[in-house]
Amino acid sequence: MARYLLRQSLNILLTLLAVTFLVFALNELTPGDVARKLLGPYATQEQVDHLFREMGLDRPLLVRYAEYVGNVLRGDLGTSVIYRQPVADVLLDRLGNTLLLAAICFAVIVPLSVALGVLAGMRERSPLDRGISVFASICASIPEFAMGVFMLAIFVVWLGVLPGTSPMRATAEWPVWMQFVLPVAVVTLYDAGYLVSMIRASMVEVMRQPFVRTAVLKGMPFHRVVTRHAMRNALITPFTVILLQLNYLVSGLVVVETLFAYPGFGRMMLEAALAKDIAVVEAGALVAVTVTMLTQLLGDLGYMKLDPRIRI
Amino acid sequence: MTDKLHPLVTAAGREMADGKLDRREFLRVATLLGVGAGAAYSMAGLSEPAMAQGAPRKGGTLRLGMRVQDLSSPHTYSWIEATNVARQTVEYLTYTGVDNVTRPGLVEKWEASPDLKSWKISLRRDAKWRKGGRPFNADDAIWNMKRMLDPATGSSTVGLLRAFILENFELDEIDPRTQKKRVSFRLWDSNAFRKIDDFTFEINGKSSFLGIPEAMFHYPAHMLDPAEGGKFGVGSNGTGAFELVELEVGKRAVLTARKDGYWGGGPWLDRIEVIDLGDDSAAQVAALASRQVDMIYQGAIAALPAAERLPHVQVNSVDTAYTAVARVQPVKPFDDKRVRQALRHATDTEAVLKVAHRGLGKPGEHHHVAKVHPEYADVGFMRRDVAKAKALLAEAGYPNGIDTEIACRPQPDWELLAVQTMVEQWKEAGIRVKINVMPSAQYWDVWTKVPFGFTTWAHRPLGVMVLGLAYRSGAAWNESNWSNKEFDALLAEAEGYLDVERRRAVVAKLEQIMLDDGPAVVPLWRALFNYSDKKVKGYRIHPTAYIEFKEVWIEG
Amino acid sequence: MIARAAATVALLGRSPVGCLGAAIVLFWAAMGILAPWLAPYPPNRIDPALIAYPYPTAANWLGVDQLGRDILSRLMWGARTVLTVAPAAVLGAAALGTLLGLVAGYKGGAVDSILMRVGDTLLAFPKIILYLIVIARFGASAFNIIAVVTVTQAPIIARIVRAVTLDVKNRDYVAAARMRGEPTWFVLLAEILPNARGPLVVDFFLRLGYTVIAIGVLGFLGIGLPPPDPDWGSMIKESYGTIFVWPHMTLIPALAVSSLVIGFNFLATGLREASEDG
């Protein structure tokens, strides 16, 4: 176990190093120059050159990358070009917002999809199963941008019962919690649709197992078979998938954040990448990769705990 | 008018009386030369437009939907959004109004020498810094202007005043790329800025320049407290009506009214909140519709039809010389002027205006001089003529048409719509153009380098200003690398005339050269527009998109 | 081979969901293929006269967009685009992923470790940044989108194939083929790969659905296929600011994207049921 953890930690570190270097190198390939970006399109070339040298951008790529890694190890993530603040400040703020949104979504999505998935999977191809499956499949098929647009049309324009943007600041008409309703609804419908299908599939498989059939034949009430025997086993396989949703919820919310003007991590990353704000992109990549790797690690560990047959 | 009139004002007045000078142009010239706006209007036989929309009411919060950018270095701002926040605290010396007339700001009056090289500037005495209560004085003004003109600052003001007051000199360093000595610039004379007394100073240039009062209204020309060393942020000192109390770049900024009395009257609002809604047009409308903001800084074309239909929202618009031009560099196939002509003949500017800008503005005329420019000359409207475009292409050796690519950016959204419309029009003439949309930041890296691109040009009060910036041989912003000796000579001639009729005669020739040989397709002149809640009063949209909140109030 | 495909189709016929999915996909495929003949107008034709009243009319059944372009025609041509780009991207990913999965699983050892490590790194890489970097560097084009999707999805497919390969590589018939002296490529393709057919086919259709969404998201974020040729995501992007007044301009392409993804997902469900029953 200890060896496993050590190996995985090393693995994470190596991946982080590889990804940051890739981002650094690829960024170098893309056209554009940070000094120009800082000074704006109308500054003279002399002014741009001056700043370029002042920022030390005329040094070789590897030197700058080594310096960057050194700084990161000392806890200095650099300064953002577009926000002109320490990257750590911007990142923590936006990440905090996204984590809040993600936590709410996660808290809604998981119980909802477990309930629907189990209900659908316990009687395969029953009308209830068909209904839930089709509904889930449709939800998972409507892209977030389309769903967001549908909801804006209905709840903001037509009914006027919800605010159209979520800048996270209460106004007289719209308390902050109401600003969460539409983003959470869009994410939930899209993501739960996918999870329900996964849990249903696993549930169907478990219900076919001999031990479940035996329990039913022995006259155990159906709801007890489901809750006592089937559910626990049916959740083993989707467990990793459920955890992986965390990953999506942290770095995949860019569409919803853009749509509802929510100041989150995804929108920050999109804007930083568009403006070639390399310090922010690097820091964001570090966060995204760490979250991915940690959820995978957690998934493996949880898997072991749930299914004692697996040993690492 | 106790002061002596500048001789050019007298001359301009005579010309106006003879019908040679347009009244609007007289107003501009007279006020630039130090005549008060009220006096200038009465000399022109006009009455000054009144601003009143009822009695102002004190109190309330206004919420503005606008990008919240970094504000730390006002003298190097490159975007209007940043200045729109800072301006409420750190003011300009002058104010050029919607009517192109420059009025006093922190400056009370100015006088120009007959040769327009020396300017005497008198400051008002009642403008006080919020912190410390010290009056704003000549040392403050000179410190700010010198700082903006220092190469180490990197302010775009340099481009505006370089010919007037700066000179180049060689540094001792060698530039490794060119193997030549690096060149920098400095004030041309130690007396370029000379303090006369606490509230009076002189600006001495090496050449004539009429635009000094307008240059003081250039967007980064904020007057900062020298004690703060050129930085700006929450709590920064200022002479303006508001104080910045909160700033989160990319999220929001909050300003509150100054309590110790403001020299300019007002302010009426207690509080201004700027909310960053991103670049998304739907978020704009959504925020307006659910009353989460009271005003949007600039409207997206996609959001216009919706905003027009919101009953509590008003669409504000003003005709400007704002545009974007599809310009080509002299490389194959555009090295042949017949191909450039074909591009223009294949374009239906009226249709582009209607489709891509929903008819708000005026159709473009390809010579980059707009009807709002005083020296505009009517050289005939170029109607679309596909057959002629095809014939020109065939003559140039492209009987089967040409294939090429245009670079453009996705924001603001009308630009991409205009490009798509033109591409479709060009196709009928056999000019097959692929569209290469790149993020704005990328576009600004290559805007002077791409062979074929679509570039925004901001509103400028004079036609010759734009022609000089964009089409003079070798100019820093001559993005099309176009060079025409006759054009350069005529342009220099036109710039030398204060008399607008003489200038117009030369501009007519310049326009003709642009139509015949020029590198640009000018699809339209934009009307700038934005949205505000009907309860917002005292606001008028400005052709530069500047917002001044000290005059604005919210109706109860 | 043909017989097997026919059998699958027959089995699919028993799944109502699968049939519905197949019908939707076939509908859009027909629209795309027949667009040059069926579309009432050229897809990029701009008609300024129409923008005053952009709603559906007898001449323009689904109305026009804000540039006065016929939405129905753009929808048909857009189907052609998405049904070319998405399958090409997923086929690319499947080919690359299958190859890497087979090699990694079969060879094992260092080759396996290295391939899987590279795949993990790619999977951990924030995709939106990868897209942006590629598009900023090489421009927005169908080919670049196909390339990026191929690279980012191949590792997932490689994992599926590798798992199957590990499972069967020591079985008797594989050993027998090796004993017969068959070349490695033959063993991989003829003996091992067929075992992965079931999961791969289902995955293929699910992945088509995701890719349609991904292309739409790119269009929506303004970094998708270049204008003016119609692409459903960009159609939504261009018009959704007007949703409050002209909802049809946005809702129609949004419904089109959604229905196509639903079609692929239903098809995948049907195929899974068919393979389970068969």
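Chains: A, B and C, in written order; residue numbering restarts at 1 for each.
Quick note on the criterion: a contact is a pair of C-beta atoms (placed from the backbone, for glycine too) under 8 Å apart; a residue touches a chain by one contact, two chains touch by 3 or more.
As the structure is a prediction and not an experimental result, all values here were calculated from the model.
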| item | value |
| --- | --- |
| Chain at maximum distance from subunit B, centres defined as averaged CA atoms | C |
| Between the pairs A-C and B-C, the one where more C-beta pairs touch | A-C |
| Distance from subunit B to subunit A - Cα centre to Cα centre, in angstrom | 42 |
| Where subunit A and subunit C are represented by their mean Cα positions, the distance between them in whole Å | 22 |
| Centroid distance [mean C-alpha coordinates] between subunit C and subunit B, Å | 47 |
| For subunit A, residues contacting two or more additional chains | 30-32, 149, 152, 157, 258, 274, 276 |
| Subunit C, residues touching no fewer than two other chains | 132, 136, 240, 243-244 |
| Interface hub residues of subunit B, defined as touching at least two other chains | 280, 282, 285, 289, 439, 442 |
| Residue ranges of subunit A touching subunit C (in the complex, touch as defined) | 14-15, 18-19, 22-23, 26-27, 29-32, 130, 133-134, 137-138, 140-146, 149-150, 152-153, 157, 251, 254-255, 258, 266, 269-270, 273-274, 276, 281, 284-285, 288-289, 292-293 |
| Subunit A contact footprint on subunit B (complex, rising order) | 63, 69-70, 72, 76-79, 151-152, 154, 156, 158-159, 175, 182-184, 248-252, 275-278, 280, 282-283, 285-287, 289-292, 439-442, 444-447, 476-477 |
| Complex contact set, residues of subunit C against subunit A | 17, 117, 120-121, 123-126, 128-129, 132-133, 136-137, 209, 213, 216-217, 220-221, 233, 236, 240, 243-244, 247, 250-251, 254-255, 257-258, 261-262, 264-266, 269 |
| Residues of subunit A defined as touching subunit B within the complex | 30-33, 36-37, 39-47, 49-51, 82-85, 90, 93-94, 149, 152, 156-157, 160, 162-165, 167, 169, 171, 173-174, 258-261, 263, 267-268, 271, 274-276 |
| Complex contact set, residues of subunit B against subunit C | 280-282, 284-285, 289, 300-303, 305-306, 309, 351, 354-356, 358, 410, 413, 416-417, 419-421, 423-425, 427, 434-439, 442 |
